């Protein structure tokens, strides 16, 4: 604590040990996602062992799955999908939701009322039904998957951001901007956003976790990652039969999911703060 | 382990809960609409057919006392005397005629509409005797009548919220998509049967949950367990397994009338590229028998033993793809949970392709709507075919030029002629030789690649006795309820 | 007569966000005798509240008492356990907060909160506590003492709430009362009532007290002795009389000096070519709550108001809280479209709402809000805040813009290095200067100032006023200056408009303010301004005008 | 005060009807987008064109879909949910039992998870920054990052298969006595509580922390109130609005979103009914399910708003 505190003035940031751990784990998984094809020892689809739910061994570091495929390689490749899709869709969902939320808060009136009703109605349609319709209507691809998830999560993000933005919108500095004649884009980007970004990020973290899990559900509707590749949630799901005897094939993807989601939240809860000392 | 059960003597009394693998609000008590194992189980418990197939696959009489013909065209059916429906009404030929004729009515929505159409005319002789006139000779009629859809209803039945049959159980509760309960029919015409006082049938679609429910004792029978669960189940006392090697298969279909199947050499290349051994060992965990790209199963007496399965030969496949001019072109393969194990099979093919430099793009699509949107339609896709009792049914359903489910759009006039010829013939040896040749034709010419015959494994409590494998499907050809009993 | 309060060598530290520890109270000694009221005065941030809170054994989150002792009624609040402190609070020493509006829980009735002390410490049966509360309400001259307790905090006025918070403190019959600027947030007419009520109760019960304030005139009315603080240290201690009339310490002198602003000298140049109206407000009616079918708002605040502002002059707008002063400013700025009437600038009619006005019109007319805390975006550095109007109105960029930001900072007498700081890292006075500089950045002709000095302490406020005055001379600015503090209006305005319940009741030159307001409300308002004279409050009783006004409440 | 609430409720009910109409249209068009129709799906593999056409005529499916939708809509207005296409039963019959089951499960889960979420949220706010607080926050994130099907399967393996304490299936048909009820609901409730409490815990914590920073909480402290009293009497009532809102959003998941739990524990609820309805393209059933989810969602939000208003005298006495 003290060492980081001593260092901080030089960087101008207060760096928190927990946040650093979170960030390192995320960075680790991002690197894995990028370099997965070069570091995985076996092709993801290759059946390398005639046994199944194999134990950890020197050949198969994380055991083998229900078909006898190498789990280590599958988890490495799975990182691409889990990290990539979740980050992309949560980013889109939050971007759209927060933007609309802020606009609704600033513009108010009819726009706000109609948009809020509409998104409420959208929110009340079960995700599964929504997923089914999407695949049926436009087929399946990574883009469709990301957009579907984003659509499912944007209304929640909207509600959240709107509530926050309504409070900020009542503040005098926003009134000053309005009196100056500023447009909506400037107002939401420069005046409102910086003041709600903290809670919005916390919300982002939680949504991220939900999306990582939702992915596996949607892949069973045929939406998304195509075999032999699989995201981590799907890895857990396809190997769930090994749970009763604690097969590595189900344990390790679960650990991977938990490590990612926990570290995203750890980072967000402990984001570096800019430090300025008033008494200086 | 699975065979020890038979020694005991049957004992009456007790109730069980059994779980199938799927049920929905589309569950029905109308045998014409029955489509899932759960429907068949209910139908078998509440109704009877004219005939049924025993464990050896031979036809036995059930409600019919005899079925006779001289020309395979006109059939005389004599009913068993003294059979009554649950509501007390006596079984007559009127009931049988009503039950069979309704399949021809399109508005009923019968699954065997196409098959029933060949029964051109029904003639009532008296209350016990009747005649069925076929539009063309078919020696297999008694076997056709053993299909689960041809259950006998009381004349004029329209309401299917409950079941009024002649079966071993009376319908007590029927909640579609939830459960059904049958209670013992005290007036059942079969001696001593059934042994159980009542049985409840539910469905648990999640396989681990189904197995766990059996292990925790909540259910006595879990239908169709995953091959991967077997190692675990075998180590547990109080659980036995019942394995049925049936004619069920998941096949890879290449349409011959579309790109890429219309390029000579592609289909054959695929037949060499599919690694049957890996599918048998890794995907099916040895609960499968290697198949030879034709649909007549080794259990069937018409199975052509001479026809060997192709060996896995990637190099030959490669040269065949090159010959077809398709080598290196990415080929989409449509697979779905709906066609069991097809996704895993697809990845096996994909991996084999990758090793020789032939890319395959596996497209997993939703099970919802698979049969109406992808099956029979996509250029390269998977299908799943349930066992059928005769080669004739299989061929006319799947390979005749006008077959409704001609998966690879295979067309051959010679094949069609041979089919009609065998159908009308009562000469066993002649039929056998025709069917043998037809199997060779399918294996070499059609676009259906059938890698393995899939065995069905049901897991049951070792207290449950009397369950024997049946070629028509798991759970004793779905008719287990009236035959099983609980050991003390 | 012993001392109820003895503070010896008190040291309090606070931890900043970066983890650095700073000392905010540096060795303070303080005694309060039985029945004595001692005032703590000093500029904002001098540690007044911090000291007051140590009397209850409490240090704000992040602060900690690191040395010394605070003995209250024989017990050292620093040394005792948390449980003992809890039993001390409310029963032997009670606290009256600066903002009663914030200190009342909005979701509980006033009665529940007033009797809570009795409930927590199990002092008496609830019925008795309620009865006692009603007596206190009566003693504090609250209206409808029997039923006022059943209301919720938002249902009573600010002044009443402040008196109610005193009742909340008094219910436990404490030996010591701690008042933390209890009247700062009130307007003058209300302030008088509250002060009188406090004084009467304290005197009657013979309680000792600490009275925190930065307003010398208020303190002079109520305190026996005054302690002057600065930077966490005691600068001067003395009897009220002595401090007010014979301050010895330089800081005290500055405080007193700031209290006597020099009167406004009308600018001879501006007066030369006669009055030139820059803004003309005629027949404006406005309010809140959506418009009905008759196009009138649900709650009408401004009624048919006329007003003229002259170029290069300042118009003061005074009136009690809720009289519609801020609403007027908002209407003129176009933030709240008027329902009726017109606003003309330089003879041209302006659109009612900001979006109906041209950029040029918006630029010429700027508004500056009271609370610099909320008027500055807490997440933008000062430089960026000042740069925005430059970019927006004058399309400046790059070095030109940076130079202009520097010039603006110079103009409001702020060091240039400040532009990299966030608003939270500035003092209140600095924030208000930035707030004002932002308006200047637009190069306006007219600035609407809504109570821009009310939140500042007197010394800082005086400096800001000087600055305004100077800038007006240099740039020929016109001000509309809203305030409830008459002395500031006196210091900077040429004319004064008095508002009462949404109407302008009187307008006069500043010079006439002291001598001859005509409307009875103006008279009352002006007479309510505390004088730096220990006997002023008590003397009011004899003033027939005030007495009559008090009766009416 | 009652008048305010009544006016609000009435207004919201009006908006609700409008939303329902929007959802009904949206769901209708979405269903239309899905390829295949009920006749085709019912016939499954056996769907030859003639058979499909015949069945379609018999089921009156050859009428324009929009007309059927209108029929259903008008039926609904007279309280008739119509008949299921898939099995020709009254939709009301199909739904009623299952809806009761779903509500029961949702109710028990709420009863169980809300107090836990409140306690954890409040206590972690009370001891903000402490080790306990950090543990709670890691715990909540961990819990939600374990897939639901894994929690459920694990629970079954441990409690039903190995320990044999609880049944693996939650068939609510024949329940005798409270003990059995607890046994039957234990596992689905645990699983669902895992899923829904995380959000509630986090929001409760945030809302309570917000109010703990206010001047009136400091004032209560200066009156000598204990920590408990401060949190329960002063902070909580003021944090109630946002907390209840978060709860409404979390709990709305309990009807439509519990498909995994219904599948694994073979619990006959409405979520699975809706999935069935979609996969058989059973328009009347789909519409009715969608209405139920929509109504429940909007009702929850309404309740949250009413509670928020009741908790806030400023709004209450407007």
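Letters are used for the chains, namely A, B, C and D, taken in the order the chains are written, and counting of residues starts over at 1 for each.
What we mean here is this: a contact is a pair of C-beta atoms (placed from the backbone, for glycine too) under 8 Å apart; a residue touches a chain by one contact, two chains touch by 3 or more.
According to UniProt, the chain labels map to these proteins: A, D = ABC transporter permease; C = ABC transporter ATP-binding protein.
Note that the coordinates shown come from a computational prediction; the quantities given were computed from them, not determined experimentally.
Asker: Chains in contact with chain A and with chain B: which ones?
Answerer: D
Asker: In terms of C-beta pairs in contact, which of B-D and A-C ranks higher?
Answerer: Looking at contacts between chains, B-D has the larger number.
Asker: Would you kindly tell me how far, in whole Å, the mean C-alpha position of chain D lies from that of chain B?
Answerer: 39
Asker: Nearest whole angstrom, what separates the Cα centre of chain A from the Cα centre of chain C?
Answerer: Chain centroid spacing, chain A to chain C, equals 47 Å.
Asker: Chain B to chain C: how many Å between their CA centres?
Answerer: Between these chains, centre-to-centre, one finds 87 Å.
Asker: Give, as an integer number of Å, the spacing between the C-alpha centres of chain D and chain A.
Answerer: The mean C-alpha positions of chain A and chain D differ by 23 Å.
Asker: For chain A, what residues touch not just one other chain but two or more?
Answerer: Only 132, 136, 240, 243-244 qualify.
Asker: Where in chain C do residues touch two or more other chains at once?
Answerer: none
Asker: Mind pulling the chain D residues that touch 2 or more other chains?
Answerer: 34-35, 149, 153, 157, 161, 278-279
Asker: Which chains touch which?
Answerer: By the stated definition, chains touch in these pairs: A-B, A-C, A-D, B-D, C-D.
Asker: Can you list the chain A residues touching chain C in their complex?
Answerer: 1-2, 5, 8-9, 14, 171-173, 175-176, 178-182, 190-191, 194-195, 273-279
Asker: Can you check the complex and tell me which residues of chain A touch chain D?
Answerer: Interface residues on chain A, with respect to chain D: 117-118, 120-130, 132-133, 136-137, 156, 159, 163, 199, 202, 205-206, 209-210, 212-213, 216-217, 233, 236-237, 240, 243-244, 250, 254, 257-258, 260-262, 265, 269.
Asker: Using the touch definition from the top, list the residues of chain C that touch chain A in their complex.
Answerer: That would be residues 16-20, 22, 333-335, 354-355, 357, 359, 362, 366-367, 369, 371, 374-380, 388-389, 392-393, 421-422, 424-426, 438, 442 of chain C.
Asker: Which residues, counting only chain D, touch chain C once they are in their complex?
Answerer: 214-216, 218-226, 229, 233-234, 237-238, 311-314, 317
Asker: What residues on chain B touch chain A, complex-wise?
Answerer: Residues 207-208, 212, 226, 228-229, 232, 278, 281-283, 285, 335-337, 343-344, 346-348, 350-351, 354, 361-369.
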